[in-house]
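Following this line, the structures themselves.
After this come two complexes, each holding subunit A, first together with subunit B and then together with subunit C.
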Partner chain A sequence: MSATAVLRAVVAELRVAGMLAMRYRASFLAETVMSFGWVAWTVIPLLVVYEYRADVQGWTRDQALLVVGLFITLEGLLGALVEPNLRAVVEQVRDGTFDYTLLKPIDTQLLVSIHRIQPTELPHALSGLVVVGVAASRLDPLPGLGDVAAAALLLVAGLMLLHGLWTIVVATSFWFVRVDNLSVLLRSLLDAGRWPVGYYRGIVRFVLTWIVPVGLITTFPAMALRGQLQPQLLLATCGVSLGFSLLARAVWRFALRHYTSASS
Partner chain B sequence: MSAPLGTLRHAAAAFPDLLRVSWADMVAYRAEIVIWFLTGTLPIIMMLVWDRVAEAGDIGRFDQPAFAAYFTATLACRQLTGSWVVWEINQLIRTGSLSPALLKPLNPLLFLSAESLAEKPLRAAILVPLVALLFLWRPDMPLPLSPVQLSLAVVAIGLGWLLNVAIQVCFGCLAFRLEQTMGLYMVWFGLWALLSGYLFPLELMPPVARAVVQVLPFRATLGIPVEVLTGALSGWDAVGGLGLQVAWVLAVGLLARLLWRRGVRRYEAYGA
Partner chain C sequence: MIRVAGLTKHYRTPKKAPGLLGSIKSLVRREYETVKAVEDVSFTIAPGERVGFLGPNGAGKTTTLKMLSGLLVPTAGEVEVLGHRPSDRLPGYLSRITLVMGQKQQLLWDLPARETFELNRALFGVARDEARRTVDELTELLELKALLDRPVRNLSLGERMKCELVAALLHRPEVLFLDEPTIGLDVRMQVVVRRFVEEWNRRTGATILLTSHYMADIAALCPRVIVISAGRLRFDGPLQDLVRRHGTDRRVVVAPVREPTPEELALADRFQRTDDGKLVATVPAADVKAAVDQALRALPIQDLAVEEPPLEDVIARLFAEQEPAA
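Right after this comes the complex of A and B.
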């Protein structure tokens, strides 16, 4: 299949997803308004902490706010781009319609990754970026263009990591049909990412940096905006997320080869 | 349509059997309960954060062990007072499976509360090792539990659960009229997390806000059981707290009864 054909298919999928989301306009508007409420929900505990302290583990309020904003952004992107798609795959595996997806003449991993995008979650991601913007504008010194670029790069790397993590979870659904709960589990681990990873101690910090790389996903971009991320760390993060994506792809292909489908 | 004493006795007689059936159900799905348990673990993250914040000195009356005790109690009370009846009611109404449920000679709400109650021993069983682990981490956690205080805490937890169920029945009954009710419940949940003491002790709020939050139903579902369990509320103050809980249970319970009856009548009128 040629690249333009793939691109056309992708655009068509995205258009359908957009139309599906706009179907219930009132609900779409309500969810947009709600997403701003959830921002307040995530920010308030941080404000309470900084009522009592000016600095925790080398993070001032505005600096910690960067992490919260990035957390909200990633939560929104996860809800819009990653989770709904992978949930749909699990459902298809369960009711047997995954066979039809396999028959389509387009890369299956690409297709299932864009098939059920949820644009209603995008305002949530956007409001997270607003928080990041507000917090960044209060930093002294202001982040330079290079810092912003590094942070953006790290955000993409974080999203790739999450996508890989969820892909592997879904790949296991070919063997164990009930895995949608695992995504609940990943979500609750991700919750730790709303605070700078430097807050945590010992084994918890180790796990959150290297095993479930929550810290890497939200804290590193914030450090980049503060101009405190060493270039080696930036490179290492990008390398890790690229490697992890390749690994996830390998796992996915392996799982597909062993998929026994509904009829056999 | 008032419930005559006979019906009430009938329900009370059936309840132990309902519990037994629900318990068997829960044991069958025990792995899922472990997963659902994990969705309520935000207090552990908050505990680690506040522990770090209190490292440089006490905050109000909280030092590091006090924060550990507070959030351990929050974790336990959240697990033991929680309920997802709202989701079940929503599902019953939306899928129409309420119709056969209404044909049974017992109120469907009784089944649902039995289900919610039956999962509590399992949740408690998961709590035990977790709390033990937290005690290993901070052995100096102050939990001044005299027998009196402990029994007050058990009652407070029971009342908190009852209030949660009543509130959720109210939100669930909205599904008789509205399309999107889980969204509304999530708004409530968001407010609840901020105002119940789930994410931070209410004492750390500014005094004016605290005075208001003190009497709202949010604190009655979680804050009061936690305060009794950690000894922040003891003696007659604790009894007063339980009194506030009882008042909210009665008020919300009556509202729930009204909404349920009206909803069912409307539902039947559609001839589902």
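Right after this comes the complex of A and C.
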């Protein structure tokens, strides 16, 4: 499959997603406005806490705001790219129209990842980045170019991790069919990534960093922007996410060979 | 073109005793049974052929089509289509075939059909002007020009099926797998789809493998039929052979000028009255003369005809004969 074929597929799917999202004007506007509401909802508690203390577990307000901003970005990307696709695939497997997806001459894993993009969630992701930008501009010292690059790399690695996790969840739907609950679980776990993992102690911190890599996804990029992330940790994170993506792909291919298709 | 040898597909499905108690039992200790959906089926199909796939519900028709199109991996046996092994699902294979399922739709429900065509065009990598030509040709053949800009959810079942066909044929596949393409359509629409499939085969030389519940589809479209039942191949050959071999009976049909008297009916004891007032005798081919003689002697005839039995009866008999062996 050539790069142009992939690009063509992505553009075509985005086009459809845009048309579907804009089909009801009122709901398009409402969803966009709602997503800003959620940003405020996420930021305000943090500001309240820091009214009373200058420092929580070694994180100042602006440093913690980095984590919150990254969390909002992640939430937006999840809502735009991951969750709607998950719901769509599970639905397709259940009613059998997944057959048509399998019949397209495009890699199926790619196709199901872009099949139902929710563009109204993208402003949410964007406003997360704005929060990160504002918080970063108030840091002292300001993050260097290398720090920003490291943070961006970590964000991508985090997304790859989530995508891998999500792929495995979808693959299990070939056997269990109903997995939408898993997406709720996934979302609740991610909620823990709202605060720096440093807020948590002992076993919880360990679990959130390495078992369910939520902390890794939001806290590590924030640490990179603070210039506090050791290079080994950066490498380890990229390695883990690459490895996990490959594992997810293997699971996916195995699952496809055992797909039984809903009978007609 | 299509070569199938010893094709077999077994499913393992949980077995459950009836009722709530059965459900609880199956939760604790699940028993499985193996369903033999397709068992040792072999055939070959030449380029450009139109082949009808016949069999009762659950015979394994759809499962076979799914294996041919690469959706399912066979348990055993070999499949080769266009030089590919379908289950590899290589883009080079998928872009040369299509599968239309009468009971599943790929059209985007909330958008006009045109948008699904555009999406498929991009996914199959068809050039824009080539796609436009194909869509024009298909919409003309199917007479649906005016419908392309209406949201799919506002179309009738028949109109949707036409649009499904366009979406499925946009990349001009060389092999068409059609699984019950006329299901649920009214008679007129069935005829439209049937004529279309025949015309498309003539124009493009595409190979067509078709399953249908409606014998009329098969009779009109497919010079060759493959009959499977309980997963096994029962017949493979020209439709006439199937009728000749299993349909040796003839129907002698008499339309009377007036209501026959009880005495006349008693004399014509081979005949039975049908709902529309006709008198019909179903007899072996060798007895046709005797039946006709009897009718001429005993009945007030306005019209008399000797017919081959309907295909439905032939098939029903074929399955009835072979079911015990399965």
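The definition used in the following text is that the second predicted complex is superposed on the first by the 260 of 264 C-alpha atoms of A that agree within 3 Å, B and C clash if a C-alpha of one lies under 4 Å from a C-alpha of the other, contacts with A are read in each partner's own complex, and residues count from 1 in each chain.
Just so we're on the same page, a contact is a pair of C-beta atoms (placed from the backbone, for glycine too) under 8 Å apart; a residue touches a chain by one contact, two chains touch by 3 or more.
On a predicted model such as this, the values are computed, not experimentally measured, just so you know.
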Practice task
Could you check whether subunit B and subunit C clash or fit when both are placed on subunit A?
Solution key: fit
Practice task
Classify the contacts of A:58 with the two partner chains as first (subunit B alone), second (subunit C alone), both, or neither.
Solution key: neither
Completion exercise
Vertex subunit A, Cα centroids of subunit B and subunit C as endpoints: angle rounded to a multiple of 10 degrees is 90
Handout entry: Partner chain in contact with A:44 - subunit B first, subunit C second, else both or neither
Key = first
Practice task
For A:30, decide between first (touching subunit B), second (touching subunit C), both and neither.
Solution key: first
Exercise for the section: Go through the superposed model and pick first if A:188 touches only subunit B, second if only subunit C, both, or neither. Expected result: first
Practice task
Kindly classify A:144 by the partners it touches after superposition: subunit B alone (first), subunit C alone (second), both, or neither?
Solution key: neither
Practice task
Rounded to the nearest Å, state the minimum C-alpha distance from subunit B to subunit C in the superposed three-chain model.
Solution key: 11
Handout entry: Interface residues, subunit A side, partner subunit B - complex
Key = 27, 30-31, 34, 37-38, 41, 44-45, 48-49, 51-53, 56-57, 181-182, 184-185, 187-188, 191-192, 194-195, 199-201, 204
Practice task
In the complex, go through subunit C and note every residue touching subunit A.
Solution key: 11, 62-63, 66, 69-73, 87, 89, 91-95, 97-99, 101-106, 108, 110-111, 115, 118-125, 179-180
Practice task
Please name which positions on subunit A make contact with subunit C in the complex.
Solution key: 1, 5, 8-9, 11-13, 15-16, 19-20, 23, 95-97, 99-100, 102-106, 108, 111, 257-261, 263-264
Completion exercise
In their shared complex, subunit A is touched by residues of subunit B numbered 32, 35-36, 38-39, 41-42, 45-46, 48-50, 52-53, 56, 59, 180, 183, 186-187, 190, 193-194, 199-200, 204-205
